[in-house]
């Protein structure tokens, strides 16, 4: 695999004067079961802050009002209302599944994969993927975002799983193996101090971020950022790479302002605008 | 139609020392069905931030508590409680209908139109208007705020609809046609990069705003602003024209602070106070 | 009646090093029926920001969760749970009743008056007082805070009611008449551009504030401030006088920051800390 | 008992580059009954702001959605779902019980104590301890955080209770007696103007803080801070001592910004990041 870490970061196209919100995608985010409503809410808000045009959250009916209460901008739909859910899925140009989804909605992932849209699979979405042995159904427009534990469950191979916590070279190898093993080489983002992004042919190692980001909800934010970038036209590898970079910059800004001890995931969201404003054609 | 774009912006009267909240109107905003509660909440908050004295949201009973949770200042009433709704409508001096209303409340629009009050019709309110072929029931105190898609559904004429996405002259023509076709020439605000306001006899083209405003909820904010201005005595054309201007300034301030990628609709609301503070008797 | 407008404002005692929260009172605020939950929430938050030690809101069971969702600091109790309500009333050192109470809870006012505690009666509490012809049950520890409309309903006398909207001298007379007519000369705060406070023997006219405060919820904030001051030991007249002053300063700070058009009631709450920090032994 | 007040404050270990959220603990906070949902929410947010990796709140099913609505970062679990609660307790590395727990959940404390994890017992948790005469079940990894009233109920001895409000020497004695009397000398934090921390062998007196902190919810914040510090590896005495210090610094920062009258408990949470940023190896 080619190391593209030193190549310029992918860029979002500028916004034409005649743009309307439909030009920046319709994202459907699926998750937020009772007790975890905040997870998908953080993804959704991060997705909006990353430039998506329209964002809808699909959550179980019992938690949808809690999801809704966090932010008036995104819409919600009850997962259990099958027709509403299906309509939302059809209308979406990008899908993200997993944050706070829990273990009771494994039937959704096959529907999402069958829709064949740009898709981010995270957290309980990855666990559903492992439980359902559906790795071969993953397609080329997917981004998988496992941490090493989720990675191990996905590959079901102890020596490979060990590499996911190894040095950079081992982690690059591990990410590449998963990308090639899944259906058609979508991108894999393997979380860690130095996050690796790979799509089977190329890889990059992210340099931004700090250990203050080791706090609950940090990954939910990343999911939303990547989905938002895909909604604006970036491909899986580029969206994952730029997303990891911006997410880390937001973390560095939060740490500078609040300290590594006290910073929490919502601080990352608050810093996303400033992180995007710092984007430059060259990586840093 | 006369082009008044270069004429001074309409102004709100100053607030007399003896003012009380009743002097600044009672606005009833109707919308916010389940899953879209935030839409009407953003309209209501924008209406307050635009100077309305008292604001009430009418929403379905299932979503009213979510609407209420976003802001303690406005009141809520359940649409389904027919007598409460009727009382609220009677008490209102201005009505806005549409943001997040959904497709299940088309029976409300005839009641609103029959009340013959200064009224903003937006979003699903416009769709209800189209579905019910009620264009001729629109009266002279109404402001219609379609984007080109909604415009097309309202006029049901492909060549006219095409003009709504054309150049300035075509869009002015399209807005004027709709204003004259509706019952008694209320104002039409046709959304786009350069928003057009027309009432059949005159028109103006708005110059403020930027493509970062192409994001979900931006129109909900505009609806609230226009309703708030009407509550303070501006007529339909003036309220739509000044509303488009202030809305765009708020967007420009948000873009300067947060960037076009990351700005979202609630940022527009946060900037409304600063936008109003910049108002000047001359347009810019 | 003696005009004490030029005398120094009453002051809160400093907080001793050994203070605990019980030293600053337990306030029970009653109101916030469905659709108006935000009213009592604003009173409660204002009460906390004015220095009260412990604050509880009693609201109907249906709206109590919405009230609770606005702020984690105060507690809530369901009005309808009679024993819980009675316990809360017994535990309180100060009571406020009215903001958003609606018309269905007139039975509460007699209980509150019978408890004979420092009490603020506002809004629907005043309407209940008028409907129940209970003016003679008002006791010397009460503050009534009518606007001219509520005043008229309380006195039931058209010529007196007209004075409530007259010049300063007429308004002072009107306030004094009500203070003397109610049971035992508690204080009356008659709202208006220049708010009058009177207790039958003395009066003061407030000079702070601006017409930007003519916006929904402004009065709810004032109710909370006065209750908070009573919780720290001020008597009815002093609490009403200092409360009107601080409330107006908060309004002036909000207007300076956000403008008279855009300022809303929650901005007043945000400015209360700064208003209290400006307090000085001499009026301004 | 040795006075260690002049010894350097305990420090949190720095965060290694390879850290992940699991390194900073999983905290389960138990409380927040209906009407008091905000109490445990403030503890949970404070816990996150003090560096805990993952935070879950266990609350009654009726109030869990209100708890959840305050912050999207922590998770919630319904106390009454016995298996879910048991799983959460097993997964936790630190437990805190008490803020807003009410009187109906006394059966939880024995389960918590039997789990033998680092545990903070506060507020209604202390009352449950007193009601159940379970002082001897307290173990060496517990921190008890009584104010003098709760202290009195725990020791059931009037002359000892009187010492809890006495001078520094008496309060140190009182705290030490309770620490030795409980099962195995965990730490006791006795609240007051000068908070005392003791574990039976040593004690320290806190010097930070001010009487503006005598406001509802201040103790809920402290509980969250101590639990968060334990989640990062501090023992009971060190966590209580550092927690009291940081809590007081946050209070001093809030007072400087907002004044002692107006500051409320959520302001303490807002200042926690700045308080942690000021930490220094030497006490001040």
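Which chain is which? They are A, B, C and D, in the order written, and residues in each are numbered from 1.
Keep this in mind: contacts are C-beta pairs under 8 Å (C-beta built on N, C-alpha and C of every residue); 3 or more make two chains touch, one makes a residue touch a chain.
Quick caveat: nothing in here was measured; it's all calculated off a predicted structure.
Visitor: At the place where copies chain A and chain B touch, is the share of residue numbers found on both sides over half (same) or under half (different)?
Guide: different
Visitor: I'd like the Å distance between the centres of chain C and chain D, where a centre is the mean of that chain's Cα atoms.
Guide: Chain centres of chain C and chain D, defined by C-alpha means, are spaced 35 Å apart.
Visitor: For chain B and chain D, what's the span in angstrom between their mean Cα positions?
Guide: Inter-chain centre distance comes to 50 Å.
Visitor: If a residue has to touch 2 or more other chains to count, which residues of chain D qualify?
Guide: Only 65, 69 qualify.
Visitor: Once you draw an edge for every pair of touching chains, what topology comes out, line, ring, star, complete or other?
Guide: Drawn as a graph, the chains make one closed cycle, so a ring.
Visitor: Help me check something: in the complex, which residues belonging to chain D touch chain A?
Guide: On the chain D side, the touching residues are 12, 15-21, 23-24, 48-51, 53-55, 64-65, 68-69, 71-78, 272-273, 276-277.
Visitor: Which of the residues in chain A end up touching chain D in this complex?
Guide: Those residues of chain A that touch chain D are 34-39, 41-42, 63, 65-66, 69-70, 100, 147, 192-193, 210-212, 214-218, 257-266.
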